[in-house]
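In the two assemblies presented below, chain A is common to both, partnered first by chain B and then by chain C.
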Partner chain A sequence: MTTVATTHAVPRVRRTRRRLPWLDRIAYGTVVLLLGLAILGPLLTPHDPYAVDLGQALQAPSGGHLLGTDGLGRDVLSRALAGARSSILGALLAVAGAAAIGILVACVATIGGRWVDDVVMRFCDITLSLPVMVMALGVAVALGPSLRSAVIAMVVAWWPGFARIARAEMRTVITSPYVEAARVLGASRWRVMLRHVLPNSLDGVYVQATLEIGGATLIMAGLSFVGAGAQPPSAEWGAMVETGARYLTSAWWISVVPGLLITLTALAFAISGDSLRTRNHPDAALT
Partner chain B sequence: MEKSLLARYLARRLALLATTLWGVVTIVFLLIKAIPGDEAQAAAGVTATPEQVEVVRQRLGLDESVLHQYVSYLGRLLHGDLGTSIFTFQPVLGDLQQLIPYTMELVGLAMVINLTCGVPLGVWAAARHRTRTDNAVRLTAIFCGALPTFWLAMIAQTTIGRQLGAVPISGVSTLGVEVPRRTGFLTVDSLLAGDLAAFSDALAHLVLPAAVLAIPFMSFVIRVVRGSMVTALEADHVTAARAKGARERTVLLQHGLRNSVAPVTTLIGLQVGWMMGGAVMVETVFSRPGFGSYLTQAVAQKDTFAVIGMVLVVGVIVTFVGLVVDLVQLAADPRVRLLETRRATA
Partner chain C sequence: MSGPILAARGLTKSFGPRRDARRVVDDVSFSVGPGAILGIVGESGSGKSTTLRCVVGLERADAGEVLFDGVPLAGADREMRRSFRRDVQMVFQDPYSSLNPRMTVETIVGEGLDIHRAAASKQGRRDRVVEVLELVGLDATILERFPRSFSGGQRQRIAIARALAVGPRVLVCDEPVSALDVSVQAQVVNLLLDMQQQLGLAVVFVAHDLALVRHLCHEVMVMQHGVVVEDGACADVFDRPRHDYTKSLLAAIPIPDPERDRARRAAAAVDRRSA
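And then the complex of A and B:
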């Protein structure tokens, strides 16, 4: 046996520098942390988030109240922790609901033939032409303002975006040889759809969903802020910003704390989504 | 593009516009019908007696079949009747005609700020692709997109407006400053009246809300400009231009940025509608009269018809902006013209 010495220079494939990997890692970590907060937050509150104590109103951050108290003497840290559940889980639910409906509609459009596809997609375009915020306000007022209607409103306004993305992917997947093979073997249209096309068409939807959770948090909070979402006294970040608006000069912490949390959530999901997109489609790294 | 082809394109596009508008109206109608509870009761107000509710029911034709209602709703819309606000007792359309100019002024200035900051940042990042500058701009874009508008508006109002006293913190003009209303746009009206003091007053009230409204939208503009330019700059013709000794400035602007025109125009079309959504929050915080504050008031007062009327108006505005965007692209982009010519002759 002789060892073949590889003396000739192997051209090294230069790896494209990954953009700020540490930032992506921080973002993923933050997302996990925020999800943990959404689940455990209400259990970690040092004080009762709803306990009114006017004697303790507008206390600056201190040992007793780490992030101060609001105009009704409620502990801001406790409310922020309790609010994590409604704000983050609300946004997650809205995006999950919109994605589910969007995927279903995309399935129908893909196997329904040209006519169904045209009608469904035109309907999506029309719904997409209405700004989410305005559309959601319309739905929220129709159903009566509450956190639940805000979630429903966002599902109503957002599913067409997911339908479009899923449909675009399904239309490429459906032309693949393995789909044709399944069809030749006699699989029914729905079986082909559910077993072969659907599972292979969801990458874009996952990435889009991650990207959209940040945006959903912003819109949810916005809806609560203008009074179409969570109602007082419930602890929700957007509503908390609103209650603190009057005290911004005297007791900034009431609004600033939930505002920063909303920003942090939106930021973490946006960076994570961006990083997932780059991983799935290296070309997208350019944009 | 030939004249006959252009005419055919316009005809097709207008037909599409009509379908879209009809679709928007239908969605809005379905929205009304989806409202749980008695519509007549809602329209008559909570204090109305059962007899009054019946009168309203008959006047609005709510005792007819749903199909009949749909047809007459379409009929009323064609006559410009968007319904009557149950709070101001004014026709919604009349209220809106007064308020929409304030919002369009806000959205207009926000769009100008958005583009004048966003486009250069995008170009800068693309020119320094894969460098620290690029990463910094990219992060700025993501950060801008993650800021909650209403919160930013509050913070800016308090710090820049109240504490620094740099600009007025609420409203559209200082009390006592009046100009004859012609167009409804305060900035335009004050210029028409030749009143520069009133113009600068209106602008001072406008600039902070517009800047706040613009910030989240810059995020998209930066990314779109950067992305389309990076792709364009990798093309062979750019290498050729560089090899022939073209100045970097020429390469960037003529070969790179020109490719961003189409995606940016499309983005502007979408952003006009989104900005009207954002104006809802900005107008509320800065107590500016306008589409958004009217909408939040209507939501708070459960003024269903006013809300629905406004959803419809936004749909119409967005649809028309879409048409304008398509026409601009047709005029600006030879590739779009070619595509449309092919489609028309096919």
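And then the complex of A and C:
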């Protein structure tokens, strides 16, 4: 049995190494495109995304408005481009913040000894047992609905996942002989942590972060959709879907355009993250 | 002063749950004088490595004490502990995992100098690093390179350089050649011996290769199941073993007949793989 599995595994792993599957390439390309959009999007808008023109309301896609207009006559394409910044950068920021806090907590848990470790990690477990969306929603509403609250809420709901991953990796690294060598040389706990453990424990966190950006985009949009994130006039994909929802039968493009962008972002980051993960740990591809 | 530099008294260490803990090191005592080489031998799991780890402080012994220059470390002041950290250095078994993969040779070898603030300047640090690298048969051209670009033998030389950089008086080696290719084992052993003689180091050398220990050590200590079963001058123990376990270990030393030896090594290799 084991022999069969191994012989099967070898060529698959090799192929992944030599040449990326087409799906992965498309995903990486899309991620680059979306990041470009997040940076340049607001500069590329053909119309002012906030210019209300009730005479032009609910127009179907045409030459004048490539993706049509919404209920207030605002250009959907312009709003989608302008919204890329808050939607994608918001998600990036949330994940980066969560990863940073998670790593910090993992460091404390790893250095702090068994007692600190137990307390911190059990706290993470409790937080992890609550659905992210519910928790983020609660925090965002408590802080007062805005894009900033949504980002903060996601950081609060998301850091324990990163703390777990980082701590697991640090646990392994801290027992490795090069860490012991540093201890024999007389390195302090902090030195061991910063120079040896930390730089060698972050691969998993990077991969996880990429993987989570997709999910973060979704939750971000979800928060805006239910009114706990970005507020109506601002161009943000989730908020746009919400404003368009009431016209769904007559003017589908208002919701569908930002909806597709959210889906695309979530998928592109998730597939890229997964691709990074399998390339980092070839065995994971088989499970 | 010719008392021992490093000594252990009654070291005991158990692993596992308190109720049925396994005593891995049981009342082990030894001492090494300046310039002496002590070999610790025994089969896998006999507690040799754990003994060393207790001595250098990687494991906390349940009982017993480590004496440095005749002074128990447990009650020593900061200054004493600091000089212990500097004077007692270790070489690990597997050079593939004992070098931080993200550090250059210069930072690896120079780390001890940073920790002990032993280099006055950046240039002074680099000079010292190059000096020890040359001592172990490497040179300044590798300073900026990472461990992954070296062979096992070269890596072990780098690890030895790291240990020597801070100018230790005692070198503790945990099977420093058993992870290396047979072809480079001799080189590394000779390097260690050379360093020991040049620098007048005291060495504690853990090995399961008895021929090696006989070649290298002045004194030897035989361990089985965590207990010292026999110790004494190397020649005495090897020529007139008193304990049965020592006798059986000695009987397992390779015979200098290539054909028989090869057959036996092959059999041993198969055993090791299936184990």
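Everything that follows uses one rule, which is that the second predicted complex is superposed on the first by the 267 of 287 C-alpha atoms of A that agree within 3 Å, B and C clash if a C-alpha of one lies under 4 Å from a C-alpha of the other, contacts with A are read in each partner's own complex, and residues count from 1 in each chain.
In the analysis below, contacts are C-beta pairs under 8 Å (C-beta built on N, C-alpha and C of every residue); 3 or more make two chains touch, one makes a residue touch a chain.
Quick caveat, the model's predicted, so the values are computed rather than measured.
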item: Combined model on chain A: chain C and chain B, fit or clash; value: fit
item: Touching partner for A:Ala181 - first (chain B), second (chain C), both, neither; value: second
item: Touched partner set for A:Gln231, first chain B, second chain C, both or neither; value: neither
item: Contacts of A:Leu267 with chain B and chain C, given as first, second, both or neither; value: first
item: Which partner, chain B or chain C, touches more chain A residues; value: B
item: Touched partner set for A:Ser146, first chain B, second chain C, both or neither; value: neither
item: First (chain B), second (chain C), both or neither touched by A:Arg191; value: second
item: Chain B and chain C, minimum CA distance [Å, superposed model]; value: 7
item: Residues of chain A that lie at the interface with chain B and also at the interface with chain C; value: none
item: Of all residues in chain B, those that touch chain A in their complex; value: 19-20, 23-24, 27-28, 31-32, 34-36, 130, 135, 138-139, 142-143, 145-151, 154-155, 158, 162-163, 223, 226-228, 230-231, 273-274, 276-278, 280-281, 284-285, 295-296, 298-300, 302-304, 307-308, 310-311, 314-315, 318-319, 322
item: Contacting residues of chain A [partner chain B, same complex]; value: 17, 19-20, 23, 122-123, 125-127, 129-135, 137-145, 214-215, 218, 221-222, 225-228, 238, 241-242, 245, 248-249, 255-256, 259, 262-263, 266-267, 270-271, 274, 286-287
item: Complex contact set, residues of chain C against chain A; value: 56-58, 82, 85-86, 88-90, 92-94, 97-103, 111-112, 115-116, 159, 162, 166
item: Residues of chain A defined as touching chain C within the complex; value: 176-178, 180-188, 191, 195-196, 199-200
